[in-house]
Amino acid sequence: MSALARPAAGTPQADAAWDRRRVFLANLRSVGGRAYPRVHGLFREPSWVLFEILLPFLTTSAFVFVYRALQAPPEYVGFVVLGGAMTAFWLNVIWMMAAQLYWEKDQGNLELYFASPVDMMSVLFGMAVGGLIMSSTRAAVVLAVGAVVYGVTFTVDQWGLLLLVFFLTLAALYGLGMMLSSLFVLWGREAWHLTQLLQEPVYFVSGLNFPVGRLGFLGALAVALIPLAVGLDAMRQLAFAGALGPTGTPPPEIEALILVGMAVTFTWMARVMLRILERLAREKGRLSARWR
Amino acid sequence: MSEPHLAPAIDVRGVQRVYQAKPKDVVALAGVDLRVEPGELFGLLGPNGAGKTTLIKILTTLLLPTAGTASVFGFDVAADAKRIRRIMNMVAGGEQSGYGILTVREQLWMFSQFYGLGRREGWRRVDELIEAVGLAEQRVQRVSELSTGQRQKMNLARGLLNDPWILFLDEPTLGLDVSAARTVRELVVEWRAAVPGRTVLLTTHYMAEADELCDRLAIVDRGRILAEGTPVELKRRVQRESVFRLELDRLAGGAAALAALPGVVRAATMSDGAGEVGRERQSVVVNLVLDDDAALGGVVGALGGLGARIVALQKSEPSLEDVFVELVGRGFDDEAVHHGERPGPPPATLAEMTHDTEEAEPLGSEVTR
Amino acid sequence: MTARATAIPAAFDPGRAEGRGSADTARGFVTAALLGWRMEANWTDPLLFFIYSVAKPVASALILVFMLEVIAGPGARDLRSFVIVGSALWAFVMSGMAGLAWSVLDDRERYRMLKYVYVSPSDFLVLLVGRGVARIAIGAMGALIVLAVGVVFLGLRFDPGAVDWAMLGLVLLVGLAAIVALGVILAAVCMQTRQESWSYPEAVAGALFLLVGAVFPLAVLPLPAQAAGLALPLTWWLEGVRMALFPGGRSAIGGEGSLWTAWTGSAAPDGGAIVGTLLATSLMITLVAAAAFRVSERRAKDRGLIDRTTGS
């Protein structure tokens, strides 16, 4: 059996000494490895198209008709469509990032990840990349179909800034997801319930379908703490330039800076949390239920 | 870190592990010392809850010892975890890791990426291992559709993806049927033998498996190593007398004649050839207990005088179960009895299903000198 | 090996294989409901109570209230009552529908118990419905809290003396059957899908939200969507509960531009029409649910999905 009889590369000590390039490549490859099941799994369940794209689009449409019933100005319909698109990322972050490590622990994958030679951050990045690809499809469909069906007109003066804000929002969102994933493992079964807490209440304080500035102090707090809130507000200001009037929130340039701060902080916190998780796991034996 | 080129594959010194729990803490390891040399297939044999898995978790860098030190190929489990992870892998019995939605091939490839194999190199390695473990037909089958045996073969392939120097196997044949368990065992033996220095630490509570596979083993119970050595050495520890199964064409004077010989402690007739009405007379089987092996020469020499000719002679070995019972004072399955929770006779032991039980339960009369 | 003394009866009683019909069914249902209650509705845990019965439903209502505020200002009291009531009732619908589907996913993917539930002598569907009861109760609590928040903080006018209690009781009962039926359909779907289908119930509920006039009158929808809405029992259930609780309020079904008014010439359906149509549509959806569940169960058994765990 040739696979079993592969010649040894050297000594155990030599094989354990990876240079920086090898460490970097291994971590890079593990990002792709962890993204693989998400991307490929996507196409193995056809029901996904119905449940992840069509039905969420109808949910978004319900809010469009609320504004229509109120005879709201057309840009408000645009808010709903944009909010509906960004919801895809938020749901992905809380369900398939924040709660994911908890699932991985249940399935016995978490200890294999920790026992592998790559950094757990790479595994989390892989989850994020796979999740991003999954939810981008949904977001793009909601945005494109919503814009066409409901006649949304975008007025963009600063395309570059809009794109930058979009990517910064994703970076901050997935950074938050990576941070929460470790916390959720530590919190155990409550993780499922905390995920629930991060849905409607966060939609509300983020001003999912209305300008977050109308929430006053609560809105300001959300803009300072929740990437969905600040990202949405900045994108609304940029995608419907001039249509909003005074929003009561900082200009998009400032919000972009807030997003940079969030992306860096959350990603750094994710790393810190992972270290804490690993330390607690190794000290207290919390990585699996099957210890003895 | 000790000098790498001289380092043992595993070096455990005074390792303790205590889990905080209510109402009182649980001591999983109560001071373990262990040394495994490169190239060895070392077994940890013990009942559930003995601390075997805890020791594996410590050595695979998933758990820190509460006290003591442990190293793998000279790398300390606390300080050099990353290095250890590059040269080791682990497989547990009943493992459900991975993602059911992937095929076997994809699942293994995904794990190959966590060990830094290049994209194409990963696929090639996966295909080789799938072939090697006998999963070629299931290559594109979804993981969720595999049988338990197929799943464990896949897990073993996963454990070999990075061509580790040391493989930790935690009850790898748990729940497998005889054929699948044999395949897994054969693969492990073949893999280890292929390259000098490849080391295996195996935990099991199947004594026959430990006996068959391990170069050396340690018997573990309640967080302590009770005995360590080769299977033969361990069995010899409980065998203070030499026991032989002697088959003769006839025996004038019966077992008593043998019992009277110098160096013979006991002689018992297992089968005297009588009672075979209408059939050719059968040979006589005698269970012979000697002071030591040297006494056998005298017995053989005296047989001619007793008109007997040897048909067969076999030395009876004690089983590892006997070793365990001797060391712990109970069998593997007797924990509840030990705690006074389960009344009634002791259950059947694994030894009863192995070939090592011939010396038990003499059928005929027994004569003691 | 010596046999141990156990409580095994001297002879097998063939009567045990027959079961005891409805008594077994009732016992299975009650056991499953109690199990679900212990797992999902731990009222001693303030966090769980806050999440499911306060934070989620109240936040959902507030999103709509603020949308209304932004456009119509504080003057649109009539509309505000409409959306608060619709939103409160929808919390109940969501919990009821999702509860059953999540029972399938929970028991299969997390607790790995679905196969044992399936092979138990009780009817699988009855056990699943029993497991979902706790979430229905959580949803009912959420709906009541949203209505209370609406009355106390958001200017919702409620006169207990004006409530048509008989109609409310009848409509709630029939509507509950329809909600459970929708939940059964979702459970049937989740039996076929993978671990990530946690969000499916909410996706379906969200899509139904568009069609049933929960927070806006059907008249603003295109005609085919209105027709679809009129075929759903939830539309009539919401209309019935609204009419019973807040008589004289705005109708979601009738009104200018609505398909109902175009068909019948009446401004809004009366109580008889609402109850009658609710009964008919609920019966239909119950039959569909029973058939869908049996088909899904057969397919799951055929493909070995009962004890499959997935994930990506």
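Labels for the chains are A, B and C, by order of writing; each one numbers its residues from 1.
Everything that follows uses one rule, which is that a residue touches a chain if its C-beta (ideal position, glycine included) is under 8 Å from a C-beta of that chain, and two chains touch if they have at least 3 such contacts.
Being a predicted model, the structure only gives us computed values, none of them experimental.
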| item | value |
| --- | --- |
| Remotest chain, chain C as reference, centres from CA atoms | B |
| Chain whose averaged C-alpha position falls nearest the assembly-wide average | A |
| Chain pair whose interface holds the most contacting C-beta pairs | A-B |
| Centroid distance [mean C-alpha coordinates] between chain C and chain A, Å | 29 |
| Chain B-chain C separation of Cα centroids, rounded to whole Å | 55 |
| Whole-Å separation of chain centres (CA-atom averages), chain A against chain B | 48 |
| Multi-chain contact residues (two or more partners), chain A | 37, 41, 45, 107 |
| Set of chain B residues in contact with two or more other chains | 96, 99, 101-102 |
| Residues of chain C touching at least two other chains | 194, 309, 311-312 |
| Chain A - residues contacting chain B, complex | 1-9, 11-13, 15-18, 22, 25-26, 29-30, 32-34, 36-37, 40-41, 44-45, 107-109, 111-118, 123, 281-285, 287-288, 290-292 |
| Chain A-touching residues of chain B, taken from the complex the two chains share | 4-5, 7, 9, 19-20, 26, 28, 38, 48-49, 51, 53-54, 57, 60-64, 73-75, 80, 82-90, 92, 95-99, 101-102, 106, 109-119, 122, 125, 128-129, 131-132, 160, 162-163, 165-166, 187, 190-191, 194-198 |
| Contact footprint of chain A on chain C as seen in their complex | 47-48, 51-52, 55-57, 59-60, 62-64, 66-72, 76, 79, 83, 110, 189, 192-200, 203-204, 206-207, 209-210, 214-217, 220-221, 309, 311-312 |
| Chain A to chain C touching residues, read off their complex | 37-38, 41-42, 45, 47, 51-52, 54-56, 58-59, 61-63, 65-72, 76, 91, 95-96, 103, 106-107, 130, 190, 193-194, 196-197, 199-201, 203-205, 207-211, 214-215 |
